[in-house]
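For reference, the structure discussed in these notes is given below.
Think of it as A, B and C in the order they're written, each chain with its own count starting at 1.
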Amino acid sequence: MNDVEPSSTGLPSDLPAHAARLLHAVRQEQPLIQCLTNSVVTNYTANVLLAVGASPAMTDIGGEAGPFARIASGLLVNLGTPTPEQRLAMREAVAARRSVGGRWVLDPVAVGALPVRTALAADLLDVGPTVIRGNASEIRALAGQAGGGRGVDSTDSAADAVPAAIDLAARTGGAVAVSGAVDEVVGAPARVGGDTGGAVERYRNHHDAALLTKVTGGGCALGAVIAAFLAVGPDDSPAICAALATGYYTLAARQATEVSTGPGSFAVALLDRLAAISPDEFAADTGLSVVPATATDDDANASAATAATAVDTAATAVAASAATVETAVDTAATTESAAVRTGATR
Amino acid sequence: MNDVEPSSTGLPSDLPAHAARLLHAVRQEQPLIQCLTNSVVTNYTANVLLAVGASPAMTDIGGEAGPFARIASGLLVNLGTPTPEQRLAMREAVAARRSVGGRWVLDPVAVGALPVRTALAADLLDVGPTVIRGNASEIRALAGQAGGGRGVDSTDSAADAVPAAIDLAARTGGAVAVSGAVDEVVGAPARVGGDTGGAVERYRNHHDAALLTKVTGGGCALGAVIAAFLAVGPDDSPAICAALATGYYTLAARQATEVSTGPGSFAVALLDRLAAISPDEFAADTGLSVVPATATDDDANASAATAATAVDTAATAVAASAATVETAVDTAATTESAAVRTGATR
Amino acid sequence: MNDVEPSSTGLPSDLPAHAARLLHAVRQEQPLIQCLTNSVVTNYTANVLLAVGASPAMTDIGGEAGPFARIASGLLVNLGTPTPEQRLAMREAVAARRSVGGRWVLDPVAVGALPVRTALAADLLDVGPTVIRGNASEIRALAGQAGGGRGVDSTDSAADAVPAAIDLAARTGGAVAVSGAVDEVVGAPARVGGDTGGAVERYRNHHDAALLTKVTGGGCALGAVIAAFLAVGPDDSPAICAALATGYYTLAARQATEVSTGPGSFAVALLDRLAAISPDEFAADTGLSVVPATATDDDANASAATAATAVDTAATAVAASAATVETAVDTAATTESAAVRTGATR
């Protein structure tokens, strides 16, 4: 599937050519991607980056994470298992990265349901991640839309989180990628006068890659691939880099599904396919469509004005006191705690 | 092999039906299993849980481990690489879990031979794990039966550790699963008057899964599967949940052995088979037999009275001083240090 | 390829027999190898050791690493992700290991480009690792040859680092293994009078194992295999143990390449092949040649006198101040930072 529709918002009209160009550039430039990621998925994430053609470096200790973030080609910060040492290193890396104007990716694993990472995520959000990648529950929680007693909901589709994603993109000026059965990627609304109510760059990915949810790190590794595409497309928007990374990764996953007999052989085949797909093969099947601005965006724009406040509120509510924390967690449990359930490992 | 014998102690007489029901429930309910486990096996353990049909969450930092343990469906604490941060999180998680009456699994990796974890294990044992899973050396060491200058012995069969296992079960009121060429699972002795000298619920697993010893985390991941079975069988005894988890896991391992060409492909095939085995297929080949009370139990009952004291002694002896520590470790080395050798990674 | 040339320096003339004997011994003795290694590769390293026939133990916390290092059969210290806790444990382990005269392996991942590990590496070097294993950039940086504004260079071949390797071997009295398209292994120069200007034991490995660079931990795991070969060949020189471990590991890698369809299936096949190769099969294809002393050695001897000073200088230069650190790192970036790029994960 490759429904490249004419864009009404000045978006790229030739996604296949973009796709081939960026994948080729990853293979040629072998961008050095620094990952501060959770302990469950470090190995798989590094192997995914190697398979893609990039060079991983898991430099995540204090005193090294900052200097390294200045020179790396890309940076991923994933909150899956944020030990005190890693939290220190993450703050150091993000500050150093910002000081040199470098792009970086935030994966807010299980934010909203667990207190330590929720407070950390609010701080990191203030630094302005170039791309935020998460599932629908995490994106909504990060945008402060998980309140009202409902907690996070595992049955959210990615589309349900698009308004929250646009809120976040408006705040950071970057892009937000929401993973789901169909993936959604949005950029920051264009500024109209002093406002952010303009058109939104938006993509949808249609590759069927359901087995990714059966491999730990299946989602986390995508964050690293997005960082690699950002590194080699400095003149491309964060949204199109994130969309193309998603299309490529899920194309490999779909192909891997066809040759595997379960989640173990799928994870192995995914690495093989990531290394094997040529730029031309990717261009012929990006999986992406460009989504024109719709009524959904109007909803989003309406709520964008409250985004900054909402995020701060989310962090405050969770971090305020132990009692509040437990309430927040219990609330999440009541609604099946999907962000928690899947977030901590995928 | 599926020798379901009539039980003389009120044990379930229809293991196949139990087997099918619990495996079906894991797949349906997708229990959320929190794992505080060693850094070597986090990835494989998470992938095993996903393959089984459960949802892993490796939430193991202070400030999050406790709140999470209140809402998780299951909890595994594995002592393989207990950093200070993890030790803090383990104490927090276990206390929180107990406060809500939740079940949990303890895997006392290399206890007895290494000082930090031995002291920690003694404390955790006091909180009453629902199931303890280990190899024969670890179970004997945890029960305080490794003293007398012999240290731990790598040639222990699981059967040799059954008296120690019954001692521990009597103390915790839960079950103990001993891994070996033939696996042994025992429950707590029934109380007769104020004593614990009653009949013991006991199972034996006969599936040949020797290649599990060639994959790091092969044993550790079983602890997580036991936690998943405990989660979906709240009205089933800890012993039968642990036995069925063992039977299912080793059935998948036996099938994986048949299609693999070495330890690498075996580890991959194990994940595929764990996901593929149907409840009916498991029911037709549980691998389990019910073991009637025998003379072995008499030995165990005789020694049960000294169990609590022995465990405290083990921790004290190892933790008392550096000099003692080195003596204990040297002793283990003299007798080939099997718990150390295999325990730290499997 | 198996070009065993007559040695002019008293080196073993029958490499095939040595090869068969040491591999057989690993399988028989199952040496217990303690690994303090980076968080990215713990799992793969443990599985490589199990496949080889050794027993892994990732005992890397303070209070346990030291006592364990006294009793383990071998010890690997890998600086890939040196958290404060691991740095403490590494110092503890190496001191304990030295106190009992035990052999150990140092893998100085990304040394020279990152400040914390560079300072640590200088300290550990003083303790005298039996074997140092790294890529050309790391070996040159550790020997203090990366200064002068050039930083490390990704295009170094292993041969380019032989003078630096000989410098280091002269300082430690052990061996240095340099990984590359063709691997180089050197021993310490023989002492002539009070000087170290004598002949150098030297091997070259010719197996083509390029896919190892596409699997994270592909190089790191070789350090563990070297530790296993050192453990079972106490009367063999460090250099021949390191060379044979390299020949065996890369033979398995070459065979794995032939049966795999990408980096994912290669990593799996490597484990299968490591377990399958028989001592006789290895003897028939060690991949090794003995390198006679050449002019290269003269260069090395000339620079050996300055080695100790150079290493201290490297550590000082990087650790001196934040400003210096950033300069050093920026310099590395300018020259493509290959040690950083590949070192942190391989």
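One rule holds for everything that comes next: a contact is a pair of C-beta atoms (placed from the backbone, for glycine too) under 8 Å apart; a residue touches a chain by one contact, two chains touch by 3 or more.
Which chain is which protein? Per UniProt: A, B, C = Hydroxyethylthiazole kinase.
Nothing here was measured: the structure is a model prediction, and the numbers come from that model.
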item	value
Chain copies touching (chain B, chain C) - same or different residues, decided at half shared	different
C-alpha-based rotation, chain A on chain C, 0 to 180 degrees, nearest 5	120
Centroid spacing, where centroids are CA-atom means, of chain B and chain C in whole angstrom	37
Contacts with two or more other chains, residues of chain A listed in rising order	39, 43, 85, 267-268
Sites on chain C touched by chain A in the complex	38-41, 43-44, 80-85, 110, 114-117, 213-217, 260-265, 267-268, 325-326, 329-330, 332-333, 337, 340-345
Chain A-touching residues of chain B, taken from the complex the two chains share	30, 32, 39, 42-43, 46-47, 50-51, 55-64, 67-68, 70-71, 85, 267-276
